[in-house]
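Both complexes below contain chain A, partnered by chain B and then by chain C.
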Partner chain A sequence: MSLTDLMTMATPNLESREKILARLCGRDLVNCFQCIKCTSGCTALKLLELRPHEIVKLVNLGFVDELASSDIIWTCATCLKCVQRCPQKASPYHVIVALRNLAVEREAKVPEGYLKAVSQILETGLAEPCRKIVTRKMETVDRECLGLPKVCNPKESFQAVFMKAMEEKP
Partner chain B sequence: MKTAVFWGCCILADQLGYEMSVRETFPKLDLELVDLRESVCCGDPVKSINDFAANYLGARVLALANQTGLHDLFVPCNRCHFTISEAMNTMSQNQKAGRKIRELLKEEELEYNPGVKVWHTIDLLHDCMGLQKVKKAVEKPLKGLKVASHVGCQIIRYSDLGRVDDAENPSKLDELIRALGAEAIDYPEKLDCCGSALMHSHIDSALSLAGSKLKALQALNVDGMVVSCPDCGLMFDTRQKDTATIVGIKLNVPVLYYTQLLGIALGIDEKKLGLHLNQSPIDHLLAKISA
Partner chain C sequence: MTKIGVYVCHCGLNIAGTVDVENVTEYAKGLPDVTVARHYTYMCSEPGQRMIQDDIKSHKLDRIVIATCSPRMHEETFRRAVAETGLNPYLVEIVNLREHVSWAHTHEPEKATEKAKDLVRMGVARARLLEPLEKRKVKVEKSVLVVGGGIAGMQASLDLANAGFKVYLVEKSPSIGGRMAQLDKTFPTLDCSACILTPKMVDVAKHRNITLLTNAEVTDVKGFVGNYEVSILKKPRYVDAKKCVGCELCTKACPVKIPDKFNENLTEKRAIYIYSAHAVPKIAVIDPDGCLRLKTKKGNVCGKCQEVCEAKAIAFEQEPETIRVKVGGVVVAVGSEVFDASRMAELGYGRFKNVISNIEFERISDASGPTGGKIRSLYSGKVPKSIVFVQCVGSRDKRFHAYCCRVGCMVTLKQAILAREKILEDVRIYVCYIDLRAFGKGYDEFYSRARDMDIDFVAGIPSEIHCSPNGSLYFDVYDKGTNKLLEMHADMVVLGTGLVPNADLERISSLFHASRSADGFLLEAHPKLRPLESAVAGIFLAGACQGPKDIPDTVAQASGAAAKAIDLLSSGEIELEPLKAVVDKDLCSGCKICESICPFIAIEMKTEPGKDKEKSRAEVIEAMCQGCGLCSSACPTGAIKIQQFSNPQVLTQVQAALAEAKPKGGK
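And then the complex of A and B:
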């Protein structure tokens, strides 16, 4: 569903807006004057129709609930051009991260890749498993046969503390 | 110089050629690497789920570095470097989060130290070792080799965080390439993103971004592309065939890590640099160098 469809007949929720502002730790979202520098340089604009200036405007107006349940917030490629180029330091990237975190808190649909990474970290400390690799000439190799040191998993205490950190809400 | 090293996940699990070439080339430049006691995630994929937990993981890496007693931490991955830099920023700017993170670290008897300096491949070689030192170490100048650099995104943006090069006109990687005797070309797509972050959610779009950049480079007839981030290496080298399928064109762009190119110029054996692990057709490039 496009953003325009999502906003049709929607009403702003200022409480949710406050939640996002609190997560931005003083980034001056309200000063966005829609210069569209962020969108004109956005990596995800062409293929995925992400328009960061719209996201910032919608949050400013209080349409946070709609955004948090929309797929559009998961299309950002995190290239950070918008953070760099925003003349008001409104930083659409950080707004998008805040919206993603809120979506997770509300148990909205989250791309599986992220959830898989988190459970992998819980299990081994690393976000992806060490695996065998096939060379250009189709030989199978691993770290050991390449003479690379063994990967050391974190101590057992890590899991419990990481879980605690994951439960933290701003 | 002695520095601690944090590899992140992507290098240890998949981009072994980067790790091998760093481990081979750095000692030749008098850089001694000390591995951290454990291999953990920097927090990057966790950012989208819970920003606080991501900052905790980033700060935890710095606390592990603190344990080595060294004041320098080398982080060869762009994403890890960014995540750890943001964690440092949070620790100094956000008192509430900083206090909570310190408490969590204490539960594992870890201590955060704001005095650790975080380096990336580009600034460690360019700013710390210096171009002259790199030049002097070269045994086999790469004369006649024409390559294009891909610096990546998160290592140059955003500047307020303290990044390794200019956000809009990065030049250090090109200078490092020239120090080896090769030519580094400029091209319109230089700052385009590899798309790797979208591999979690929109795989086709991610591959399309990488493929479009490779397609543009192929038209310029360069001998290869040089990268310095494992995620970019994964997209442009390991997944090159998949990107070609998505953009509907045959792609033949040799892609290698700067440290692999450095290793060749230092006269190190190809296998020790993990050059047999690259999936893109780098044999053309290797043949041109040895010709």
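And then the complex of A and C:
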């Protein structure tokens, strides 16, 4: 191998890299010249140390395995600032999503929150459950007191379709 | 009896790497009328050309087929070589084995060889029907139109005028000088822009061979290389140029204030104004959209300028005037504009007053600018304690302009050095960059000089700029060098805005039929070998209208374009290609279809003396015809043919193409 990361002794995995590129439908979304604009403005950088420019560069060099099993790819807040402002129309966000898919495919550890979200959708059809809220007048209200219709649970056919879509590997 | 010689070029390995050239040569030997067939490594080289010349003499060849690169590349070379032997140069047929075969079918050598054989067979068939043609000579005007009075246009004008050519220099603004006149100092030597430019401006105005037309625009171009007829619209100044002495009494009397374009609208000027401190010609001009009398069109309104003018130079009655001149060639030097940074919302330009563009910084730093050359915020009047330069704004950005602006890095280095020199130790200066490109002569030394002057470089671009209520700016930037997220506070942010195509360029390009490249700038005839000309004969390009350029490159290109124009026009006559349309008058029905579709206005309908006056016949103005062939294919009676591309000459190629074609698939 022509490249070795001497800190971890990892070598590029060009096969996985191809998989990522296939998910991105070509090279456009990783066509990065490292202006670091994405990282300068990254919502998840200050607390969670996500550095989108590093992720794009690592994918370009082929160090995909390390990323796919890391926790860092799950910290992206999907604010899409990097997509909108990138001067090269590259998209760290799409690269991160492709890496997450690869991680699921490899049955890597997925943060609990994401698993919860999946079961939530499966049960209710919603990513966020209906909650009671507190108004400015400090009254606690729910959908019923606001006169909003009740949210029904999805049909069983939805669950079947959803499960099937989850199991399908691209 | 025709004797044809076929020559197959290897073009090094460009052709021979894919096409079996020996096989093709052997095949050519078997074609009818072929006397000799040879192959050689570089046909265009001296021994290659001599091989053809020797064969013409010894074998008495009268048609030559050369299977080589594109005719655009070397057709002229081979025609000249053949003409040296006394054979008519138009008896040469070029078969394109490089662009059409080897480069297009690199991975299929066998099929490529078959295609090469087919093309050679077609070429030989066509060569048999080639006719000798003669070039025609036409007289040319020994005068040149230069469009744009920036440093490029001025340099080209001076070079042409010194060589004895009559020059018409047309400038849109009331003064020449262009972008360079707005600059404070120039990199990499830091000489003052005005000091090196102003004497040149005066030279241009005083030169007896230069007719300076300021406040004017080219509105129409007719004719062809050597004989262009140009209409120039001279907009009224409403001031008599002969009487005005530039005393500026009127500019103090005028009550109307309008934004000052020369100062990038940072300050205001009066509706009657002198363009800049060192304007040439130094004549006042009235803005018709600002002046109360011109706006209201009432003879008794205002007139303050008229009252104070001792020279009685104010002339409200002036009308636009169209001047027609005949020129042999044109140098287009209309320059470029600076990117409008407000299009890049995240950087806050236009929203935050202390975010300025680099051209605005240039005006602030200039002694004739709004602050008299002192670097300070135009809004608070305070000297900034920290300045941050942000690079690549609008350039290297696929959302706006994908190209590198080529001047931004050096402009920023220069401005950072100027800020350090003018404010001394009391200012922190940072440059946020992606790559720092200091590629020219003395440029990297200039970069190192900036680093010596305690200017700090941060490898990273901020994602967005924020403004606190007191007007100071702050933003986060991740530095590649330290792997740290830095928060920066700045009193002034200067955006490294790039150069973009002039808004006028679309009009200019259609006026001169000069095409544009994908980036929007004017397209040169060849990116490496013909960078000074457009694809249209007699139209030359100089300066930033062809692509972003710094001053040294602009001046070099302008002198080059002038030299090219001199080369074209100095002999007083030029040769015209004979590949033109010709009309068979007996077949012409006078339907005028050809006249209506000719893109070069090269067809005239004429009635013949002594014949039916109702019936006109098409006639080709040879000098205007470019031989495009539209008329020939549109003519319903087949009366128009293009020399060397007549129906039999083309059809025989088609027949040759189909002669040995094997039926593919099916029945």
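Following the convention adopted for this analysis, the second predicted complex is superposed on the first by the 142 of 170 C-alpha atoms of A that agree within 3 Å, B and C clash if a C-alpha of one lies under 4 Å from a C-alpha of the other, contacts with A are read in each partner's own complex, and residues count from 1 in each chain.
Here is the rule we go by: a contact is a pair of C-beta atoms (placed from the backbone, for glycine too) under 8 Å apart; a residue touches a chain by one contact, two chains touch by 3 or more.
Since we're looking at a predicted model, the values are computed, not measured.
Asks: Which holds for A:L24: it touches chain B only (first), chain C only (second), both, or neither?
Replies: neither
Asks: Contacts for A:C35 in the overlay, against chain B (first) and chain C (second): which applies, first, second, both or neither?
Replies: second
Asks: Decide which partner touches more residues of chain A, taking chain B and chain C as the two options.
Replies: For chain A, the partner with the higher number of touched residues is B.
Asks: Who does A:K81 touch here: chain B (first), chain C (second), both, or neither?
Replies: Both chain B and chain C are touched by A:K81.
Asks: Would you sort A:L146 into first (chain B), second (chain C), both or neither based on which partner it touches?
Replies: first
Asks: Once chain A of both complexes is superposed, is A:R51 in touch with chain B (first), chain C (second), both, or neither?
Replies: In the superposition, A:R51 touches chain C alone.
Asks: Could you look at A:C130 and tell me whether it touches chain B, chain C, both or neither (first, second, both, neither)?
Replies: After superposing on A, A:C130 lies in contact with chain B but is clear of chain C.
Asks: Taking the superposition as given, does A:V104 touch the first partner, chain B, the second, chain C, both, or neither?
Replies: Once the two structures are laid over each other on A, A:V104 reaches chain B alone.
Asks: Do any residues of chain A touch both chain B and chain C, and if so, which are they?
Replies: 81, 89
Asks: Show which residues of chain A lie in contact with chain C when the two form their complex.
Replies: 33-42, 45-46, 51, 53, 81-82, 85, 87-89
Asks: Where on chain A does chain B make contact in their complex?
Replies: Within the complex, chain A touches chain B at residues 23, 25, 43-44, 47-48, 74-81, 83-84, 89, 91, 97-98, 100-101, 104, 110-111, 113-115, 117-118, 121, 125-131, 133, 135-137, 139, 141, 143, 146-149, 151-155, 157-158, 160-162, 164-166, 168-170.
Asks: In their shared complex, at which residues does chain C touch chain A?
Replies: Residues in contact with chain A: 346, 392, 396-399, 434-435, 459-464, 475-480, 485.
Asks: Show which residues of chain B lie in contact with chain A when the two form their complex.
Replies: These residues of chain B touch chain A: 9-10, 12-14, 16, 19-20, 23, 35, 37-41, 44-53, 56-57, 82, 93-94, 97, 100-101, 104, 107-108, 153-154, 157-160, 167-168, 191-193, 195, 197-202, 205-206, 208-209, 274, 276-279, 282-283.
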